[in-house]
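Order of writing sets the chain letters: A, B, C, D and E. Residues in each chain are counted from 1.
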């Protein structure tokens, strides 16, 4: 119940944070000189990317714990976090595309950052394909945990892609003169909002699937005792 | 040897096993009976550690696990169908580091009627021959605990008898056996204890002295025939 | 060093199976040839662009033929539950994994050699032969990465309902770093030899190999342990 | 119904069948006994037209072939493991154009103890349930000739009896059956004629009146036990 | 027209299996996306060369994803001998073949549509969308050819020891004419529309379709009849 109160509180803060974010993005943040208003996608874009990493990170950690503890609790958490991560990763691809269209004049280009992100997306689609492909519960948990662990090795690749390969995708640490301080502040607020948001979504998703799991268990117990 | 503590297993919402407790001692043969779908295969797989139970614990004596002391034979035979009989056996033994009585392979092959087929690929054997080969692997494995799921399926009458004798000889050497079967006569003949799996519980449970009473066998038969 | 002997036994068995059933290797070899031909249909390869296309095409062919071939070697373990021979034995799953990685590596290297030779012949591209000594290291490192991931995932996919077909999806995205490093290293060797950059890619290959091997080694037993 | 004329079959150099002649009439049950590896499965497959004989001819009455009048059940069950029990049956019947007694499916499912499992995928059934389903398909198929290879394997005692009764009821309706089995009591109980396959020949051949003499059964048992 | 009903039953069952097990189609769709990405890693595709490369790449992706997907649909028939349901039924093998060709065709067309859409998005290549109406005919004709050959060979390969993996070798060389005609027609449509030459390729596609269909129709029963 304590955790439930926490969720409630966080949800409440979100009702403040989200409007604040959008106000900051569309009213406060300065318009970028070259790209214009479309640059405002940036705040969502990067916040979504970090939230996706967060989802995959939670998946990674809970997969490891699952393999050690073999408690379905962790499998539940892993798949919930994976769903959220995949959702946000999809949104990164979409917002990126919408940004690329006016700026680079294409929906998609074969840039290392973009490709590595797409590959990451493939990996987690593969994760859910494995979950679909295995019906026996504990086996599904083990197999998907393995994919989740190996797959996470790709996240650093996405992060470092712009460093390793020649890339046209912007990098903040390469920005000449640095980012406008106001932009940084807006970005940090958006980032914070989305991290809270992603955590809550993961948590709620997890509570639902865990409740489902427990209902099933209780059903079983009933059948066991009544024959 | 093997202790099952409060083992339960559900598939989805269907409970198959409900709190099974069982202990198998050294040099003991426990035979498991039950209707189709009673959960015999499930219980054997859980005991062997191939399937995890939903609840409960399987305890196997330490020295048994360490030296590959378990041999499990399921509905499948675990044979490489492209390799010959001999190659299958050699590989099997090489995985057990000479725990096995390697020198007696030829003799055992002869006893199992597979000597002439030793250089044939397994896929060219008949149903019954494959089963025989899989059983033979268990017997030469040197394992101290054998778990056999319907070991006699596909064997003809003659081979069934011979395999029964082999299994009893194995017990004399201190091996424990956990067998699931539908054959009541044969099962009771070799069992030290029999168990009946019914609605997820082990009902009926008899040891040596009782097993041979025809009354018990009659009851078993009635139970399984219902 | 019992585990060396066990590893060798498993590798020997795999090679025997390959001779007997001609599965993984012949599939890899033919598929690579076919892929090159099909690639040529899609992208006209000629004297002018061959040196820029060669690295990419070669590594894609290695990855594709490799993953399909590796799927086959684990299928022969799953069929009829043959891997249970190792599961219930004195040999640990880590040793089993290492042995399978070695078998797959051997098949991969054979296939790669064959692919390179056919590529040279088909496109009359001698630079590839001259670069072969320098290519050995990136090829070896890349193949180790392929085999480490491929062995793990091929067991995973054959244990799932989809069978081998899910394997390419899991395998290809994960080995993309190896693929890119391999392509880049090969490009440098074939088209200009500036040592520094090459070292960077080789390091990257080595790091990923190590990463994949250690992680897979820890994960493998969870796949097989139903 | 079915006439086998001088059927021989070799696998490589090994002769398995040597000039078998056999005729099965309408509404007749012929039961085939024989050691493991005697060639029962081979003979059934040849009769069903799945395997070609090396020499000889299989003649099936015209009207039987035309309307899908044969049902063959081998060691495998011919079920789509991903489809449910009901879906399997529906598809099976749709392939037979209502030759079958479609309206009695539900009743028959109940009789075969599969009614509660009708919406479960076949892969979730136990060994014995799958066999039961496969047998049930044969019984509702409306085929005029059933060929069953070890139909009782995996069935428990109760179901074995019930299936035996079903098969006898089928004969009353004019269906012919060709059954291979190791179970001498059960085989003799339903057989109109029994045949023993030995060294590639049908030795021993007895019709109705003789089958029930315990002497014959004794002899059969001795033969198969040797 | 009973055979129309039978065909529909089989197609319906295949689509049901697809929904239940999500095999062939999802595999085709994802594999095609992955192939495009991998292709791009190997050969840099940009604005300048996309229109010349597109036809080749698309058709190679169709052929490859297609053949692997078709392998899957026939595997579900082979497993547990499920195709025997049709073999021993009133439905002729010709009808069975036609039905499987139709199921595969449906899956292929879905996959191709998806591939084209992803291609347009990924390479920013709008001309492909504009050309889609004109592409319908070559796509349909090409897919019929793929399906005719793929259905035949996928049964052949799943019946052989190699399993699905041998399929690409059989399939790809045989469909080379379809591949070439398809690529050429697509090239003409996308890059310049001179009607006469296009007609030539369409005719070629139609002729090969007819050829493959009739020949495969005659050969199919020999594959299934072991």
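Brief remarks follow.
As a working rule, a contact is a pair of C-beta atoms (placed from the backbone, for glycine too) under 8 Å apart; a residue touches a chain by one contact, two chains touch by 3 or more.
Everything numeric here is computed off the predicted structure, so don't read it as measured data.
The set of chains in contact with chain A as well as chain D comprises B, E.
If you take chain B and chain E together, the chains in touch with both are A, C, D. Ranked by how far their CA centres sit from the centre of chain C, the chains are topped by D.
Contact tally for A-C versus A-E: the pair with more C-beta pairs in contact is A-C. The chain with its CA mean position farthest from that of chain A is D. Mean C-alpha positions place chain D and chain E at a centre distance of 39 Å.
A separation of 28 Å divides the Cα centre of chain C from that of chain E.
For chain B, the set of residues touching two or more other chains reads 52, 82.
Chain E has residues 21, 30, 34, 41, 161 in contact with two or more other chains. The set of chain A residues touching two or more other chains comprises 119, 122, 125, 129.
On the side of chain D, the complex with chain B involves touching residues 11, 34-37, 41, 75, 124-129, 132, 150, 153-159, 161, 182, 184, 221, 224-226.
Listing the residues of chain C that touch chain A in their complex gives 149, 152, 156, 159-162, 166, 169-170, 172-174, 176-177, 180, 204, 211-212, 215-216, 219, 222-223, 225-226. Against chain C, in their complex, chain E makes its touches with residues 21, 23, 27, 30-31, 34, 38-39, 41-43, 53, 56-57, 59-60, 63-64, 68, 71-72, 75, 161-166, 168-169, 172-173, 176, 179-180, 183. Contact residues on chain A toward chain E in their complex (touch as defined above): 97, 106-110, 115, 118-119, 122, 125, 129, 132. Those residues of chain B lying in contact with chain C across their complex are 45, 48-52, 66-68, 70-72, 74, 76-83, 87, 91-92, 94-97, 99, 121, 143.
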